[in-house]
Structure formats: C-alpha cells, structure tokens
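In what follows, structures are represented as structure tokens.
There are two complexes below, and they share subunit A, which is joined by subunit B in the first and by subunit C in the second.
Now for the complex of A and B:
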C-alpha cells in the first residue's frame, strides 16, 4: 500500500490540486460507490437477509476506506467485529424471526416522514456544499507507524486504560443482559393474547 | 496519491443520511437496528478521517471504543427484538404501541 511509504516531509496541498482526479481518488470513489450502494440496498430491501448481505458489503467497503486513511488496525477490526461478529448475530436473529414484511415502508404518518427525509436531504446537501467550498489543506503522508496495532495499542493501554477496562465491563453487562432478555421465560403468554 | 479529506467526510455524511432515512422510513425493527449501525459507522469514519488529517492516532482509540459500544448495543438490541417477538409475534414497529398512552 502506497500509504505505508516512509514519511516524507509534510506538505500542504495546493487547493487547485484537489479538484483534479488522481487515480487514488477514482479508486476511493469506486469503494465509496460500493459503500453507498450497499447502504442504499440495506434500507430498501424487503427481504431482511438481502439487507444483511448488503450491510456486509458496506462493512467491507468501509474497511477498505479505513485502509486508505492509514488506519490499518481499525480496518482489520472493522472486518473482524462488524463483518464477522455483529453480522453473524444479525443473520441468526433474522433466521429466527424470518418473515417478509407486508408493507416495508408504512404510509401512515407520511407527511411527518416526508418532512424528516427532506430535513436529512437538506442537511447532507448543505454539508456537501460546505465541504466543497471550505477546503482545509490536507497534511502530507503520516508517519509510517501511524494507525498500526502497536501505536493504537500503546494509546489504549496508557491514555485510555480506564475506558478500555470499562468497555470490558460494559460488554460483560451486555452479554448478561442479552441472555436475560432473550431467554425463554417459564410462564409465557399464548401468542394470541398479547399481555395488556 | 492524494485523496482530499473532504471526500471521506462527504462519504460519512451520505452514509449517515442514509442511516437516518432508514430509521425514519422502515418499519422492521431489524432494518432499523441495521440503520443505526450505519450511522455509528459513519461517525467512526468521520473520526478516523479527522484523525488522518491531523495525524492524531487518538481518533483510532476513540473509534475502537465506539466499535465496542456498537457491538454491545447490537447484542442488547437484538435480544430485545427476540424478546418482543416472543411476546407479540411481530417485528413491526407500528404494532408496538403498548407504551404509547
């Protein structure tokens, strides 16, 4: 990977250089297209399994994006945690509760939803416009150890040691909570009469 | 070999927007949970992009913690979905109005 090259002197990029399309930028937008099309498929597919599979595609695309940002540790973690663990969890639950929706996008409250979607669209368009006008100069290539396991691990076990340990407690609590909530209870109401 | 940081931020914004639209429009709890994952991922991407722009590896540590919290959230969320399905035989958000009044 080109980003792994030893650090050359940091330089500020000329703004005019940013408007040109280099090969790396085209490669980035191909990956971005995978990410965005996958995300679009995730929120539009009727079949939950198809949605989960599109989500896996977006997670792999995002891992590639992290690699382009020299975040090698996070790229590996993205594949392991999201494309691996979380997606298996989702697929299991979808398999357990698999039923197609009669009406995937509800018509009820259509006005409120239209307003919400319009607000989100406005936000994104405005943000894109601002990003295209206010160009922050980008620093040059990062130092070679940037984003490696060694560097991120060093930070995690010094500056963020308390947060790191609390994350382990949080995960333990989450596991216990998941077991308690999803466990089959002894006295179970019949499905015909939902409790009050 | 230069990809402007704005491209990454724009990608993060678009992805976040798609996640919000998914939460607003879809009625299936599972799809809504997936959209929440999309939004968390977009926030992570933005963090990492700013970390790259400032050569600051602390962003990576922060993104790591966000990932851990997202994993916990997915586990508990899916457990709640399974629990609701057990009681109500439904994963449709519009039918879950027990606590509405």
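Now for the complex of A and C:
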C-alpha cells in the first residue's frame, strides 16, 4: 500500500494540470478511454468470450496506467498475472462451462430497471462531482528509484513482511479449500468408515 | 523499519494456532489410519495452549498496547480478550464437530485444521490495526469458513449454504476492498492510528466518507446486519450445526472486534461518528432494522436451526447498539459489547450444540415438533437448552440478561434522546424474542413425545454442552468479574 502512495500523488499531478499539453497527458486520456470502454464492453457483451477479451483490454490499459505512474514493476506484474494467467483461467472456465449466450444483466421489470438506472446515475454524478473537486495538485515527481523491482522488494520484505507471510497462509488455506471442494464424493460414502 | 524477529514472540498464540493447523494437516495425511478420533483432542489442546499464552501476556499488556510490525498488529488487552473468545468458540465447536461428523459420516481430517486456520484469521483480525491486516484477516477467516460450511458434502443444503455464503462473501469483500482503496486514496494511510490523525485534516472529505461507508457495508455483511443479512439464514441452516455455531459466534465476534477498533480509532472523530452521514447514525438505523427484522422473522420459524439463525441476526442488532454507543460516549462502551460477545458465544454455541446433538445418521431433527417431550426422555439436555433459550431471550439469572443490561445501560449514559428510543426498541424486541425462545421450551416440557429422540452419543459433545451451560449460568450469576475484565480490556 505504502509503495503506491507516491503513485497516487503522481496521478493527481497528471489529471489536475490538464491545461498544459504533454505526451504523458495525451497518453493518459487514451489509456483511460481504453480502460473504461473495455470495462463497459465486459459487462455488456452477450458473448462470454467477447466479454473476457474486453476485460483483457482493461487489464492492459491498467498496466499502461501503472507504467505512466512510473510503477514499472507493478505494470509488468499486471500484464503477467492479470492479463496473462488470470485471463487464461477465465477463458478456461468459459470453455468448460460452454454456456449459451444469455442476457448478461438479468434485471426484469420496468420498476427494477428504473431504480437501477436511477441508482447508477446518482452514483456516477455524485462520484464524478467528488472526484472533480477532490483532486488537488500535489508536489513533485516520484524519486528516480521509485517503482523499481529493488525498491518494491525492499518494502515488501521489510515493512510488509508480516502481510506478505500472511498472504502465503491465505493461499495455503485456499489450496486446502480447493482440494476439499474438488475431492470426489465417493470416499465418504464408503461403508468401511470406523465405527465408534 | 526492518523486520524484527523478536516481535514474533508477541504473536506467539497466532503462530501456535497456524502451526497447529499445519501440524494436524500433515499428521492426518501421513498417519495412514482411518481412525481420526485423535484430531479433536489435539485441536482442543492447541486452542488451550494458545489461550494459555494469551493469558500469560495479559499482565504485560497492562503497560499499554504493543505495536507490532510497523503498526500492522497490536497486542493489547482487547486482542487478548477477544482471542480467548475466538479460541474458546473454536475449541467448543471442534468438540461438537467430532461427534456430529462421525455420526453423519463426513469426518475428514481437514476440518480441524480449517477450524484452526479460521481461528488464526480471527486472531489476526482481533489484533489488526491496519487496513491491510484487517483485509487479510477477514479473508483468511472467511475462506476457511466457506469450506467448513460446505463440508457436509452429502447434504445438498450444505453445498447450497456454502455457495450462498461464498458468493455473498466475495461480493462483500469487493465492497470492503473498494472502501479501503477510497479511504487510502483520500488519506494516504492504512494504519488505523495514522488514519485517525489524518481524519482531522481530511474532515468530512466526501471520498473519505464514501470509503468509510463502503467499509461499513463490507463488515455489515460479515455480521449479517439487515439489509446485508440475506445469506445468513440459509447459510446457518445449511451448514453442519457445529459449524453454524462457529459462524454465529467466532466470525461475528471477530467482525465486531474489527468494527470496534476501526470505528473507535480511525473514524472516531465526532463529525465522522455523529455528523450528517456519520456512521453512528447509520448504524443506529441498521441496528433497529436488524433486531426488528431478525425477531419478527424468527417468530415465524418452525425450524429450530433457522430460528436460531434469525435470532443470531437479531443479536447482531443488539450488539450494534453498543457500537453506536461507542460513537456517542467513547471507547468505554466497548466493555459491554465484549461482555455481550462472551455471553452470546457460550449461549449460541450451546444452542446450536443441542441442535447438533439431537439427530442421528443423516437425519437432523430440526423441526420444533421433533423437540416435543424431550424433557421426559433427556432431562439434562432439555435443561441445558432451556438455559440457552432463556439466556438468548435475556431472562435472569442467565448470561444474556446481564449482557443486555450492561449494553442498554451504557447506551443510556449518553443521554441523547435518540439513544433512548434505540434502547426502548431493543427492550421491546427482547420481549418479542422471548416468545419464540419459550416456544422451544414449552415444546420440550409440555408436549407429548412425537418421534422418539435418538441423540448422538459422544463424550466431547456432552462435555461441550455442559461447559456452555455452566458458563452461561456462571456469567449470569456472577457477572461482576467478567464485566471488570471486559472493562480492563478496553483501556
């Protein structure tokens, strides 16, 4: 978390000084458009593969955003983990399930739709207003070594070592959970369970 | 700051529980024997060792809280107190599980380690003073409990419960994480103490408030507060009864500890608590909705386990009054909440325990008609259930009475008129709740036996029920020492 903090500040610089032109700013808006359009397509496409591929666009866009924020290591991870590994999993699941194309959002009834549209509209207006007011220019570009593998590793294995280790406990539990859920039913029904 | 291995000593109980989980897992995998009866005593012993370590550090914690790992965790009396509650709930649930799983033929070796891992997550949550560790603790706890919920593979309801719990849990995690991201984005801090300081500069900045409210919603799912309770009745009913007991007590107590810490330190400023969109105001409305809905829904249930599920929702509503009181009168309102959690833990584990005990070989006796005439066949169990029901309803001399008494008293201390209204609604709700609790008691004592009860015979189960019943009575008859302890734990 701490390692992202200067990144947040860098973003604030980018968006708040829009009057001045620079390559980074133009790139930011193009990338932002890709991220948002990809996300929109993800939830509106009926074809699951199309939805998943749109999500890839969003993930790549996010990776590019990280790169713009000088978090190059994070950008590489984003591409490797999300756009790579997790997307492959998504596509596997889509292929295995092989569902017909269905309406992605199953909202029925005029009233439900009206409430949904009103709620989303309210949220968008409110959030947009807040985001436009909250961004104040923050000083300075990040230090030159920011976002390098060395620095991320340094923070990860000192300040955040406990959290890092606990994530491995979490993953261990997830693995056990997957094994318990995926195990065949048969064994527990076998009659030679011990009598006590 | 670099990592200091000496700090590991301060989280020794957590390490014992996690290492114990791994140890049991390996032991079961390599023992080769199909007899798994040794796992339950080992689980209880691991919990007991951890409780012993916690108690040993109680006096050290008197000199103020010890901040560990750059503020990721804190070993203070609040965490020690709550860790003991989680460990007790885990040990009692394990004792109930052994007999239950053997009878219903799904005793697998992973279940005890999963209980320990879930407890480890709760302990992390109890000590967490950073948004990072809060999130990790919640996930560690939840993932283990999802699997426990679905562990009775042959019962379709168990899988259904696990699915609903998992989907709702994943959804609430996303909301919680979004809230954490917004709070971090607005403040640049993840430590709770640091957040509390920055909150004075940030004031009521909308992004910060929005993040805080999203975190509130995420935690609202975990404590099953209305309107985030939809998963709870199905999950509690479908899960194996000992697991329901664990979910209703451990998970809820852990989430409440986080709420107490988070809203007592990071968001403690008056304008955040009782401002226009202050969390105390919102929680007051949620508390009223939660207890009223829980009680009214419980009134209509013929299924005892489902009734207990709704009753557990109602109790989350009562507990929220204590959280609201914390926003108004300050951190001393934590004491009654802790007392309530202890009383509620023993009582609820006991009640679900009797439900688990009654029923055999894939046939759970959940309908109230199945309980008819239990007193004439099994007077001890009927007496225990009566104690639990009276305690849940808040009838003296049980633990539940003083729990509600202390809670309502601290709420009235604020002298705000709306707190008075809150307490009046809570008292009315308690009166309503007695009706459905007594329905079970009258069925057991004043009705003829319908189906002959064939309860599970397991020593661990009986022992757990005796412990719960004795503790419920003891806390109710001698409430002073526990309330003193709880008050100490909040300093």
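Heads up, the rule we're going with is that the second predicted complex is superposed on the first by the 142 of 196 C-alpha atoms of A that agree within 3 Å, B and C clash if a C-alpha of one lies under 4 Å from a C-alpha of the other, contacts with A are read in each partner's own complex, and residues count from 1 in each chain.
Everything that follows uses one rule, which is that a residue touches a chain if its C-beta (ideal position, glycine included) is under 8 Å from a C-beta of that chain, and two chains touch if they have at least 3 such contacts.
On a predicted model such as this, the values are computed, not experimentally measured, just so you know.
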Touched partner set for A:162, first subunit B, second subunit C, both or neither: second
First, second, both or neither for A:149, with subunit B first and subunit C second: neither
Touch count on subunit A, higher of subunit B and subunit C: B
Contacts of A:177 with subunit B and subunit C, given as first, second, both or neither: both
Contacts of A:113 with subunit B and subunit C, given as first, second, both or neither: first
Touched partner set for A:30, first subunit B, second subunit C, both or neither: neither
Partner chain in contact with A:95 - subunit B first, subunit C second, else both or neither: neither
Subunit C-contacting residues of subunit A that also contact subunit B: 2, 127, 131, 159-160, 163, 167, 170, 173-174, 177, 179, 181, 188-189, 194, 196
Subunit C partner contacts - residues on subunit A that touch it in the complex: 1-2, 5, 8, 126-127, 130-131, 133-134, 157-163, 166-167, 169-170, 172-174, 176-177, 179-181, 185, 188-189, 192-194, 196
Residue ranges of subunit A in contact with subunit B within the complex: 2-3, 13, 17-18, 22, 24-25, 28-29, 32, 35-36, 39-40, 42-43, 48, 51-52, 55, 58-59, 62, 65-66, 68-71, 73-74, 77-78, 81-82, 85-86, 89-90, 93-94, 96-97, 99, 101, 103-106, 108, 113, 116-117, 120-121, 123-124, 127-128, 131-132, 135-136, 138-139, 142-143, 146-147, 151-152, 155-156, 159-160, 163-164, 167, 170-171, 173-175, 177-179, 181-182, 184, 188-189, 191, 194-196
Complex contacts: residues of subunit C adjacent to subunit A: 1-3, 18, 22, 25, 34-35, 37, 68-70, 72-73, 102, 105-108, 110, 113-114, 117, 120, 124, 131-133, 136, 139-140, 143-144, 146-147, 150-151, 153-154, 184-186, 188, 190, 205-207, 210
Residues of subunit B that touch subunit A when the two form their complex: 1-11, 13-22, 24-28, 30-31, 33-35, 37-38, 41, 44-45, 48-49, 51-55, 57-58, 60-61, 63-65, 67-76, 78-83, 85-89, 91-92, 94, 98
